[in-house]
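Supplied in structure tokens, the structure appears directly below.
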């Protein structure tokens, strides 16, 4: 088995690779403007989603098709697959490896994608493995900042919401630590960023400021990274309701934000950003799905055409 | 946001546009005979079906593929999407707009497709929005008549079955009113065509005749448009059963029909047309799925290649 | 309606056709090595799966895409189709015929695929019809043996497990009978091969030996065809548990097998083959998914390009 170039974790990316990836994604946007390319003609991507996600699946599939490749897709592995017949992830990986050139997998269980990848001799991309990681989301978040602000170094990054359970936040932190940024983390104490993430940031010398009040902290943020407080992370519904309403970005708060700040959000957005913010030119969250296609094109082109982007 | 050319309603089509569309669909059939074309190479269609329909989805997807385009597909949005996480249709539209060049949506709620379209900067096609409209079905019905009879003007159009709740009937009426046709509407009184449709037809001077007996009226029809009495439109199952059996087209009735009449039906057919009619050369309902592909090819080519067919 | 070349049953294949197919599949593997071809550019395959099977569906779709064709797919017809509205299989066939150039169907009911095919004027391929047949699985099993051993004649074929209900076993027997092979059938008496299969083999002069002990019989096998004892075939769970554990191929047993024997299995594998066998060079079951793509490419190319492989 040769060594396939999997995309499994945000931990695998270094600063230089990130910057190269962003340059390549920028190239992809130029290719998109002229109607896509045929770089991956004849290549097949298999999507294995053990947890449905139309946004992530469509984004990967669109990226593959924009490069001239093809797709075989299972949007709902749990209800329509041999896993019901107790097939192991290992065997699923070995089987699908023989039918496709790259596999994108999403699964509710931490570590599951790496487990599958270890038995695949084609590249595997982690499309989200439960509470653990969702590297391509983190990459498109950073690409959005890089694209909108021209650089990452020197920025103050605000993160708001559920910083304890929010997978997206953790992925962002692990990627942003490679840049000279300051973190302003806004959450209720009970939902503060996990200790190991804080230590990781401190370990590379990043300044981290904690706050409980968005209105006090928003004025110094260059990037306002909002996240949803996800009901499924709480065992107790009353806890969810208490925290869900705590940080809602609205027009009033935006008045206190810097004129060149940008607002990002992984989507789906429920009510943590008020619709009145949508038309604010600083709102970039509806640009992110397009940026995600470009980043995934760059990754797919890199791992399938032998150009080592990671 | 530039103005995308959505296909949302039968109301948006005028006589000239319809005739142009039928000519273009006819061209598409010639393209199909030589194995399709590459007109939409590099373009992506997204299908968002909030109500499953294999026939409609396959027809759109086949049309897109026959023109060289690609597809990203969600056949069952209700069970596999972020809508479970309460994402609004508006946000779904904005997101998918960044991943595809055209969106086909089906949804059980009237007006839902237009709602999504108003936030999309790519064209959106209504693949059926509940009781409201299903414009491409109406268009393929008319194309079938035009193709089989050479013209629409001068024909007597019979419509049979559930004319009150039947979305297909309403779409046909709104399109046929642009032509010099006479309507013969056959239904139980309780399932007669809604008043506003009757007024719309009278308003443009169309003759409308009502009947309760198919055997009395069939002899004057040039087109026999059968529709299914759909159980899901009734709250009371006994009402359904009473009406379902009332209008069954069989071999005996076909003896009373004109020799050059044609029978159309939107499918699926349950028992409102007896299988013995299938081999009658006047039965055109199994030609309609093929006509539907041609019409949808014409629409997709028109809205994606800038040729303004509507 | 012209006569389409359906692939419905293992019974339809003769010795010469099988050998031609294997040669063609071998050609397909060469095409795969250079990244696929464009033989079926412009052709559309529809997959209609009334019983989900990611492995079989992906294999057919991969084969179609590798040849440059396209796919429209319904992975779960039962939950997302008009069949809920009581449409007959006949009407579904007539409809989908107008949208695709070839149909692959899987259905839990014996005979259902042939029923649909009789109303289709495009080729239909049986992707498994319940307890009845799964011809392309049988073909890929034989191709695997032919490829690994260079020939089928002269081999001793061991079949192990549930030989009574195992559809795969029956398909293999019906294909292998065309070759000069000896059968060694290992099962509990209650799960022995059905009488009609035994008679079919005897009728063409094949030697058949029955055994209840794998350890006694394994030493003379050139091919060890393992099958899963499927829980869904048993009404009584205790019966299932009693038989499931009876034939587990492990490293100890492999020591008694011939050095040039091969092990095949249709997958998914549960625990009837111990993972320690996976690294044995005689284990070929993880080669089979790739062989399946090649065989299905050969079939699709044959029926869609007019080269009569069957």
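Note that the chains take the letters A, B and C in the order they are written out, and that residue 1 is the start of every chain.
The rule is simple: a contact is a pair of C-beta atoms (placed from the backbone, for glycine too) under 8 Å apart; a residue touches a chain by one contact, two chains touch by 3 or more.
Every value quoted in this text rests on a predicted model; they were computed, and no experiment measured them.
Once chain B is excluded, the chains joined through touch still make one piece. A rotation of 120 degrees, rounded to the nearest 5, superposes the Cα atoms of chain A on chain B. For the pair chain A and chain C, the fraction of shared interface numbers is less than half, so the two copies use mostly different residues to meet. Averaged C-alpha coordinates put the centre of chain A at 40 Å from the centre of chain C.
Counting partners per residue, chain C has 73, 75-76 as the residues that reach two or more other chains. Across the complex, chain A meets chain C through its residues 42-44, 46, 70, 72-77, 79-82, 85-87, 91, 94-100. Of all residues in chain C, only 35-36, 52-55, 57-59, 61-62, 65-66, 71, 73, 75-76, 228, 230, 267-270, 286-287, 289-290, 293 touch chain A in the complex they form.
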